[in-house]
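In the two complexes below, chain A is the common chain; its partner is chain B in one and chain C in the other.
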Partner chain A sequence: MSSVISDSFSIYGEQITSRLLIGSALYPSPAVMADSIVASGAQIVTVSLRRQQSAAAGDDFWQLIKDTGLKILPNTAGCHSVNEAITLAQMCREVFATDWIKLELIGDDYNLQPDPFALLEATQILFAEGFKVLPYCTDDLVLCQRLADAGCEVLMPWGAPIGTGKGLLNPYNLKTIRERLPDTTLIVDAGLGLPSHACQALELGYDAVLLNSAIAGAGCPVTMSHAFKAAVDAGRFAYRAKAMPEKDVAAPSTPTMGMPFWHQQ
Partner chain B sequence: MSYNIAVVGFGLTGRLTALELSLKHNVTVYEAGDEQALDSAGRVAAAMLAPLAESVFCEQDLALMGLDSIKRWPRILAQLDEAVFFQQQGTLVVAHQQDKGDLQSFIQRLKPLAEHQGHQLTGLQISELEPELTGRFNQGVYLPCEGQIDNQAFYQASFNTLKQRNVSFKFAQQVDVASLNLQQSFDYIIDCRGLGAKSVACKLRGVRGEVVRLYAPEVDLTRPVRLMHPRYPIYIAPKPNHQYVIGATEIESQDKGAATVRSTLELLSAAYTVHSGFAEARVLNIQTGLRPAFSDNRPQVSQQQNVISINGLYRHGYLLAPSLVADAIARIK
Partner chain C sequence: MKVSMKITINGQHFELADNANVAQGLTQFAAKEPFAVALNGQFIPRSQCDTTLLNEGDSIELLSPIQGG
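Entry: the complex of A and B
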């Protein structure tokens, strides 16, 4: 087993050690956001750019995020078409000077479910334009395979719909994707509510989790941020330690030899 | 003792400060715009006085300050030459089925303020409070201590009253507080510039808000209705003459440009889903404003020699300004 310090994962060649990616929306104030980000130990913060925040308009808020010194992963939240997503990705590249883009393309407004067809199309176009694409996708194996074939080194399947806090709705699907795409960096994105959800994702062998509402919407975001950091560490240690096999029949951990006969059945 | 005092900025805090000080001192008001102060956040606001609802998102001390401010408003309005609409009949908070979870967490996080607290309502109780909402919602919260004022009427009436009191006005004057202090012989300068005070030393940011004003003769709500919304609280605030203010969005941006279609759709569809009578309402205007905020979203009253500053009221202008202005004025010895 490699040492704790050398345990990292890759995002397009960049080695990342913190397995918690944190969002920057919905906090009670920018000050609480900054404290929560620090408490999370995250190295990557996601930001959602809106048209009205381009160039100078959003400068003060972006400066607060840039001041954290973390790597910025812009997303295309709220986009419904391939063209919208590409325009926003281009704006993000200019504002944040990064070729990383978390590609979010919504196909259904009620559960904010990604549109798999448009997602694949936009991914191909963005790769051709020189972007490094991190697609937010559903937990569908074939979609994930197609995205990987298109060149994605990182995939971000959902745990549950955005903002629901329901945790991993389909651990079986997530586990299958992990097993079938062993060389792809996998990050569970969206739907987490509790630290135990994040822990479970890491136990399944996912490289990291990305979350926002679970921390920003907590009664005390900074404390919840600590909790998620601990949970992600726990899950990762558990994965590396390899869990004992599950059994249907009890196996005593104390040997019965030497036990008085009236205690035995 | 009577002083020569400059009030810089003629938005909400500037007006309240000038009203208070002009009873006793010689006041000169400086404003970058005209008497309308079109750039001021208080002009665009829904002008809610909602300490309980805001207690969900802000610290207890600010919510209590809001409670104190509500008590001050009737006395402030009583000194004006014209009547300004002020109401304290509570707020009704409702949620659509898909936002029930948000309503539950809102209820859990309401902080009791002294003897004031929220009361959970059934659908029947909602229809008793607001008969026109019968059958629309089966769960809600009533926040009895809350209120609102008509900010447009307040802006007009405060200006008229101050004119009568011989306050001198210097409009279209973008002044630098430090040099004003050197050039003029003011005993005190009260800096009420809001975002106009932004500088390297004063780390303010603007938080964009968009607000729609409607004329809706077919809608008869008697008190503000707050609708749970995934991104920002939306108020439907009834003002006199069947006018309704629907607001506000909250976007981390200093773009003062016209409202977007997305924001307009969100605000108007929120209103329409609460009351279908809004379908035939007339859109009087859609305005955009920038709320001045510090990074912790808390207001500050500060003093450097004879310059006293009030700033960073964020989304709590009408809720907190009377108390903050009283705090600032108490520093004048």
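Entry: the complex of A and C
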């Protein structure tokens, strides 16, 4: 049993055992953020860069994140062009001292949907510059294949648009990507609202989930963090256990042989 | 001969001596670690800030860690 719990997945060669990646935004307070991150059991936390406004504004936040000792995954959230994303990735690499980059390139402001064409172009450029790209992408199989062809060892298709909490809107697409890219690390990123959504992603064979709003926006983020931790473990157990085949016809689970009162009116 | 130039840092206006470099601009802003710098949308490694000269109308972006999802 312990081997099931301790199994790991790879992010560009680094073995990760926690199947929950957590964001650092939207918490009601820095203390709740720190406690929620710890409760999640996550080994990776996402951060970003924005304009320095005042000398002390970001100090507490960054110190709290550093104190967690977790691996940092910086993002390019808010970028709408390849050039913006490249520049922000370069700045992230210098500040956070990591070549990992969660590449976000928004194509539509209504649903914050990634721009697949710009995403692929930026991915190719970033690989040429030595980055290890974790693209936030839609659940489009061909896009995922192109990104994998470009060198992505990790893909992060959305479950639903960022911050909606709708869960996995298209399990068929996600399942197809899993089946067609068996050697790629797959992480559902964005759109999850409930632990059951995370559990479902793991049941489908996804290696992990990345979420933020579902925990930070809960009534009690720390408790919800525990819930998500349990959910990804449950989903991973279920995937490893291999679910029974679904049937359309009922089949009794209790033996019918020796049934008393059989067919008595 | 021009003796000063106007630039922006994070959208704020600054006036610097002609031939000032990026590092001098950051000093004017009182930049606090940790941060990274872009000049007119192009990343400038910290190691090059004191050798990268500024020009009239340049725009510096000075970014620091913040929460992210």
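By definition in this document, the second predicted complex is superposed on the first by the 247 of 265 C-alpha atoms of A that agree within 3 Å, B and C clash if a C-alpha of one lies under 4 Å from a C-alpha of the other, contacts with A are read in each partner's own complex, and residues count from 1 in each chain.
Quick note on the criterion: a residue touches a chain if its C-beta (ideal position, glycine included) is under 8 Å from a C-beta of that chain, and two chains touch if they have at least 3 such contacts.
From a predicted model like this one, the values you see are computed outputs, not experimental measurements.
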Most chain A residues touched (candidates chain B, chain C): C
Touched partner set for A:G23, first chain B, second chain C, both or neither: second
Contacts of A:G219 with chain B and chain C, given as first, second, both or neither: first
Chain B versus chain C as contact partner of A:T123, first or second or both or neither: neither
Contacts of A:F61 with chain B and chain C, given as first, second, both or neither: both
Which superposed partner A:R50 touches (first chain B, second chain C, both, neither): both
Touched partner set for A:V95, first chain B, second chain C, both or neither: second
First, second, both or neither for A:A34, with chain B first and chain C second: first
Which superposed partner A:N75 touches (first chain B, second chain C, both, neither): second
Chain C-contacting residues of chain A that also contact chain B: 26, 50-53, 56, 58-59, 61
Contacting residues of chain C [partner chain A, same complex]: 10-11, 29-32, 34-38, 41-43, 45-46, 61-69
Contacting residues of chain A [partner chain C, same complex]: 23-27, 33, 46-53, 55-56, 58-59, 61-62, 65, 74-75, 77, 83-84, 86-88, 90-92, 94-96, 162, 190, 212-213
Complex contacts: residues of chain B adjacent to chain A: 57-58, 98, 105, 109, 203-206, 208, 230-231, 251-255, 257, 260, 293, 295-298
Partner chain B, residues of chain A touching it in the complex: 26, 28-32, 34, 50-53, 56-61, 64, 110, 163, 217, 219
